[in-house]
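You will see two complexes here that share chain A, one where it goes with chain B and one where it goes with chain C.
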Partner chain A sequence: MQLKFLDTLRKNKMRYISLVAGFFLFVAPFALFSRLVYFAIGNVADPTLHTICLRMPIDWMFSGRYYSLIGSVSAAFVIGVILLSFFLGPVFCGWLCPVGAVSEGLSRVIPLPSKFRLKIKDPKVTRGLRYGFLAGFIAVSVFAGFKIFGDQISSVCCRYCASATLQNLVDAAFGNATALEYWHTGGIMVLIGWLIIGGVLMFGGRGWCLFFCPLGAMSNLAHKAGSKLGMYRTEYDKTKCTDCNSCKEMCPMWAINDDKSIETTLCINCKECVNRCPKGAYSMRWGRKKDAGVAQQN
Partner chain B sequence: MRAWLSRIKGLWAYAMAASAAPLTYLLSAPCGAACGACPMGGACLLSLPAVMAVVLIAKFSRRLKTAFKDALS
Partner chain C sequence: MNKTVLIAFAAMFVITLSLGAYAAVFGKSEMVHFWVAFPAGNVTEPITLRGAGPPVSMAPIVIDLDSRGALKNALNPNIEALSTHWIYNLGKKPVRVQLELANTTFPVEWSVSANLPYDEEAHTFTERLYPGQSIKNLGIDWYFRIPAYYMDEQIVYQGGLKVIDADTKQVLTFIPIIIGHGQEIVGGVADCCS
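Now for the complex of A and B:
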């Protein structure tokens, strides 16, 4: 178990270094990226992971609060992440996102045997749950923004936010007492859902990313469109495959289909399958598909 | 047939997930961000162990069924 963990760490060291860097880039009190952006635009507010919220702009977009999008750092950030996903795949999710990094890291470090971890074997079901939640999230934003049920639903996405939970955990660790105000039941439910059920009890530790992250889901839609047009993506060559299934065991996003092709609506270009496959059946590729031996992506 | 079943399962999962978020938000909407005002009165905290139990039971249901069959036979 320990050897397998160390081997994974060695083979994917660049990604893990990048994920650690992501923590320092986006989470206060460090928040180096956010500080740089705030400094550049002359914003005097204290940047945290919460102030560059990755969900609110999606809420604003669908709730008709377009005025909030203008000049917003978080809106620019979300649009940037989605554009980046179109060209390079969801590299923010796979290589920088501190929320996914913490739950995935926890899952890798805690040596829970595989039989105690959950995984949905059919990527179509995973995809259905993920995009179903996105549809529900958008529906709630529309209901709230256009007051379809009067004032019964207010903007509630902050109550179920893993980014805010991570920021408050770090704030509490650095002695910020105001962070304690955040610990209502919604926050505790998120903490358990994100780290325990989605992290420790699920294969790959990316349960939260898979089922509850609207930015991740939208990034993957952009990636699917981009990969169809020949942008950067992971590809599978069935002529090299020996059906050892090590790719399926390693994929944190459960994005490998039964025929071993990549499900682009789930894949985060993390390269775990590329680095794990002993026969090099997976590769990163630009441009339109020409080789007949390379399986069509879903 | 298998692909067809898989598609139906995917659509079912989509419908379940799509209805879950609005329902959750509707149920918890009145309490806003304040735990104290929540009409569930902390029941959501009690529901967490129940959810985890359901998850674990689902995980081990096949093993339990086999154990029951063995015990009965």
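Now for the complex of A and C:
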């Protein structure tokens, strides 16, 4: 088990280095990316992970708060991530996002046997759940923003925010104890859902990303469209496959179908399958032309 | 699309709507967010002020500790918070904004971040906020550390937020705040994601 862990670490070291870099780029007290942006635009506020809020701009888009989008760093960031996903796949999710990195990292370092971890075997069901959340998120934004049910429904951004929970945990680690003293009901639910259920108890540790991240879901829609047009993607060559299933055991996003093809509405181009497959059945590709034997993307 | 996928989609859709409904319930008494504008005088009832930018609705803030979520009450009852992201100058002159919480009888911690220089000691924004403008990238959280012996009181805190012109010391807006048990919530609660 130890050897397997070290082998995975070695083969995917660039991604793990990138995920660590993502932490320093976006999470305060470092937030190097956000500091640079704030410096460039002359903003004297202290940047935190909230500076690149991964949810509110999506809420604003559907709730009629268009004025909030204007001049917003987080709105520019979210739109940038979605556009990038069209061309390169959801690389922010797979290579930089500190929220996903922490839960995935936790999943990898806690030696809970796979049989005790939750996983939905059919990626189509996972996809149904994921996009059910996205549809619900948009519906809530519309209902809350346009007061369709008065004040009976409230946005699901800030009240259930894994980024806020992560930032609070880090703030506390760097000496601001208050950040961990105050918990609201949604914060407690997120801590349990993101780190314990989604992180430790779910296979791959990306339960939150799969089921409760609207930006992740939208990024994957962009990726699906992009990959159909030949943008950067993971592809499967069935002629090289020996059905060892090691790809399925490794994919943190449960994105490998029964026929081993890649489910692009879930795949984050993390390259774990590419680096894992002993026969090289998975590869990263540009362009629309497919070789004989390469399975059609779903 | 097969039936299982549709059921999964529908189930998650309903769960998400339920989360929105639940957020609306506990959001009225946990980490309550509210809008601030000045000059508004003593805000004794719900009012809406209009000026540059969106309309600003304010009301006395009433937090009913009994209406909080079960997890909050069970695991973290003794610390409550208020928050604002919105302070608007709807007056006619530039103001150096000073904030003050009135009548605090137990520790309240301030956490302030804004794109406007701020003096932590004096709770004052050291540059003027011009008419028609709001403080950009504002995040103010007030953490009320309620001593255990206060928790059974009907009224735990009765005071309010003063918005003061730091140069003249004139109170421009006063928003009453009550934290207690069985209190009737009158409004003034904003969606934190606005």
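In this text, the second predicted complex is superposed on the first by the 290 of 298 C-alpha atoms of A that agree within 3 Å, B and C clash if a C-alpha of one lies under 4 Å from a C-alpha of the other, contacts with A are read in each partner's own complex, and residues count from 1 in each chain.
Just so it is clear, a residue touches a chain if its C-beta (ideal position, glycine included) is under 8 Å from a C-beta of that chain, and two chains touch if they have at least 3 such contacts.
Fair warning: this is a prediction, and the values are worked out from it, not measured in the lab.
Model built by superposing both complexes on chain A: chain B and chain C clash.
In the superposition on chain A, A:Leu129 makes contact with both chain B and chain C. By the touch criterion stated above, A:Phe211 is placed in contact with chain B and with chain C alike.
By the touch criterion stated above, A:Val140 is placed in contact with chain B and with chain C alike. Between chain B and chain C, it is C that contacts the larger number of residues in chain A. When the shared chain is aligned, chain B and chain C each come close enough to touch A:Ile188. Judged by the touch definition given at the top, the superposed model places A:Leu201 against chain B, while chain C stays out of reach. By the touch criterion defined above, A:Met56 reaches chain C but does not reach chain B. In the superposed model, A:Leu118 makes contact with chain B only, not with chain C. Of the two partner chains placed by the overlay, only chain C lies in contact with A:Ser68; chain B stays clear of it.
Residue contacts after overlaying the shared chain place A:Asp46 against chain C, while chain B stays out of touching range. Comparing 3-11, 75-83, 111-119 or 129-137 from chain C against chain B in the aligned model shows that the clashing stretch is 3-11. 122, 124-133, 135-137, 139-140, 143, 152-154, 156, 158-160, 184-186, 188-189, 211 are the residues of chain A that lie in the contact sets of both chain B and chain C, per the superposition on chain A.
Those residues of chain A that touch chain B in the shared complex are 116, 118, 122, 124-133, 135-137, 139-140, 143, 149, 152-154, 156, 158-160, 184-186, 188-189, 192, 196-197, 201, 211. Considering their complex, residues 6-7, 9-22, 24-26, 28-30, 32-35, 38, 40, 42, 44-45, 48, 51-52, 55, 59 of chain B touch chain A. The part of chain A that touches chain C in the complex is made up of residues 43-46, 48, 50, 55-56, 59-60, 63, 65, 67-68, 122, 124-133, 135-137, 139-140, 143-144, 151-160, 178, 181-186, 188-189, 211. Listing the residues of chain C that touch chain A in their complex gives 1-2, 4-17, 19-24, 26-27, 30-31, 53-54, 68-72, 75-76, 79-81, 109, 111, 113-117, 136-137, 139, 143, 145, 189, 191-194.
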